[in-house]
Each structure stands twice: as structure tokens, then as C-alpha cells.
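Once you've had a glance at the structure underneath, I'll fire off some questions.
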């Protein structure tokens, strides 16, 4: 499944000098994917806190060709949302990961149930692609 | 338990502009802790690949006071090593995480059993602190 | 004049949280432009050291739309090369800068005269665009 | 002269993989020095915009030992302030630079004359060290 995709052009200063993308850069690229995916959803802009991140470095990612950050799944709980992601380069998965986000109340004082409009947008993202 | 500690001074450009350290910065701080810990071990310099990283954002980390990155555990397998880490600020844990590293052979062509000298150094790091 | 252009998509974590690109990010974007420009030149790959950088922040650069990094001039000396750059967003110049690079000898032991092939490539870059 | 000093511990991921600090990192370190210096001045907290930055890479900066960022001079104009900086490592200057900042009015709508309290603080910073 594929809920969302965005393209990132690796930058030379993100490498270790030998053309490999540094491990420390990958979590930032995942955040780009998450941020753009959540912004793309229907409904008013929500606030999400990142509760946890899990990343598997499956293969080296290189400088020189674009990468695709793909949101491959979204599981809403009550106020939390688990997003599954992959980073691909030249058709090959180089990173797999997931992240748990917490949906904040409008006044940002605490967590709050994910609104139905967002649940529907998540579901239709899965159907439309 | 506490195998190793290093101090990091947050930098203003690592914040979101409101004084909170950005989520994308935390994995890089963990890498600093891991790198310094592994460099501190007895024995010749080894090569380690990062296979995976897991991070729980327990509480906000702020600009303005130093943080401590602490290696709280190290479990060697055959060629893999799991390191457990915490980030503390003013005595409070703000981040907990773990990382799986793979020990590479001397010619870096593949993984290799972690040498006994490194196992002993890991064990004595745990005892001496 | 316009010797070279590349496009950069600003990333959310490069902002100050309010949508403005941080000042510390701009010099890195200039380096992307310089690196890609020099790689695009005819002739074997050369090594260049950055001797100095000068940047004028003309206007705010924002998150949300792509920026163009443009090399607007190139003045070769004997072994040094001055590159002039602009960053544009939505047709508006937001940054102007220049950088002095030093061409290194093949064994990287010191500076060396810029080869004629590179001088010709610099000149034709200016003519062809 | 030496108006202010702060210490920075280079981080492994700030290198090119060979132990040299990347050029793109240096402007960020200068900003740390400027930010801490301006925060250290007497008087209420002011807002400054960075108008320009100039950096000379005098020598390689390395991973492995702390660096000192030193503010070596401060020339206030009407609403602008030029700060001169050096980065030192093991007693050797590796970077020299300057930056022009613009003092903003309290409502941040435009530039405003630097208050006398700040001018006096700048002058006494020069005298006391």
C-alpha cells in the first residue's frame, strides 16, 4: 500500500564524504515525509507530537540520485497514530521505519481523540492510491 | 547501570525557535554518545554499522542547559551489539532509546564476531561505574 | 548572466519554526550550488578548497516553495576561482553571495593553476545560457 | 581584544568523514558565538537580524578537540552592529569572520537605534577582558 510519496534530493553535506548518506540524516528525512503527508490530509491543520521513532537501516543510501519517502501505512488509535514509512532509491528499499504520533487538543494542553474527518482522510488516502 | 556518559550543550539552531530541541536532532545526539562510548573501549579501533535505532521521546528537551547522554546497557550477541541510551536534562530523563550495531570484519567486507577484548571491555565498563 | 541553476526544496526542520529559513542553512545551500556547478563542468573531476564565503541576506527565505540557487558569475585567477551566487524564491532574490575557491593540484599537496579545459568550460557556461 | 568566548565540542557528524569539520558547519558555530555574546550583554533582550556574514577559512578545523569561538570586536553604528569573530583550536586561529547585525525596534516592524544601555554594555565587554 502507498498512502503518500515525496521526493528528496540528497545533499552533498549529508554524506560521510564517501557518498553514503549519514545515519543521522535519515530520521530527518522521515520527518519530512510525515509532515508533508499530514499536511496533505483533508480537514483543518492539526497538531501532532512525535512520541517515538523506529528505523531499520536496510541498505546504504547514496548521494547522486533522488530518494522517495513513502508512507506505506497509517493506523489510528484513539489519540495516537502509527505511520509506517519506507525510503527507496532506484527502486530499492534502503530504510524502513515507523513512528507513533500523538494528536493534540486544539489548545495543545494534552492529547485528544483524532477527529473523524482525519480518520476518513487517512482511510481515503489508502484507497485512492 | 551506567556504562558511559558524555555532555552535550544544545545549540540554538537545534531548536524549533521556541526553545524546544527538534526531534530530528535527538538521533544525532544518540550517535555522539554511541561513537564516544565505542571509542572509549579498550582494544584497537573497530568498525560498527548501525542496523537500527529506536527512540522514545519521553519529555521535551530544552535549549539553555546541558544534556547528558548516558549509555545504560550493552548486550553483545555474536556480531551484533545492542546499546541502551538515555538523555537527561536537569536530572530528568527526556529521551530513551536503543540501537543495534553490527561489528564489521577488519577488511569491512562483512560482519564478524565481536572480539573477546571488546567483550571484556564492555563488561568492565559496566562494573567500573 | 546565469552560468548554472539548481533547485532546492526547503525542509521544515531548516526553519525557525515560524516558516523562515534559518540563516545557518543558507551557506549550506550555496555549497550545493557550487558543488553541482563545478561537477557539471567539462574535464576530469577537480578538487577545490573553499577559502572564503560572503553572504548578504537580502530578504527572508521561506518554507513552502522551492528556491533556485543560481551561479551568476565565475572569475578565474591563477589557482583561485571566485563564484557569484544568488538564491531566488518566487522570482525574488533573497540572498546574494560569493565564494573564493582554490584549485588543488592532482596530489592535493597544494594549489595549482586552473587547467585550460576548466577555463574554457567556465567561459562556455557563460555563453551557453 | 577579546569581548567574549564560548567553547564548542565538534561532533563526529559535522565532519567530512575524514576528521575535517565541514565548511557548512562553520557559519552555524559563528552564530552560536554571536547569540551567546548578545545574550550576555546587560539590558533587556533585544532582537537582531543578520544582514551579512563574511568568513575566511584560514586553516582546517578538526574533530577531536574543543574549539573556541571568540568575539574579537564590536562596532556599533546607528542601528547596525558589526561583530568580528575568530575560531581557534589548540591555540591556532582556523577561521576569521565578521557579521553585520541590524537592531530591530521593540515591535520588530523595522530597524531602530541601538539603545545606550547596549552601547555601554558593548564598551564594557571590551574593557573587562
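Note that the chains take the letters A, B, C and D in the order they are written out, and that residue 1 is the start of every chain.
Following the convention adopted for this analysis, contacts are C-beta pairs under 8 Å (C-beta built on N, C-alpha and C of every residue); 3 or more make two chains touch, one makes a residue touch a chain.
Bear in mind the structure is a predicted one, so any value in this text is a computation, not a measurement.
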* Interface with more contacting C-beta pairs, comparing A-D to A-C -> A-C
* Asked: Between C-D, A-C or B-C, which shows the same interface as B-D, counting it as a repeat when over half of the contact pairs match?
  -> A-C
* **Separation of mean Cα positions, chain D and chain A [Å, integer]** => 36
* Structure fact -> Rounded to the nearest Å, the gap separating the Cα centres of chain A and chain B is 24
* Structure fact -> Distance between the CA centroids of chain A and chain C (whole Å) is 31
* Structure fact -> Residue numbers in chain A touching two or more further chains are 13, 24, 28, 31
* Within the complex, which stretch of chain A touches chain C? -> 8-9, 11-13, 28, 31-32, 35
* Along chain D, where are the residues that touch chain C in the complex? -> 23-24, 26-28, 31, 49-57
* Which positions of chain C touch chain B when the two form their complex? -> 13, 15-18, 22, 24
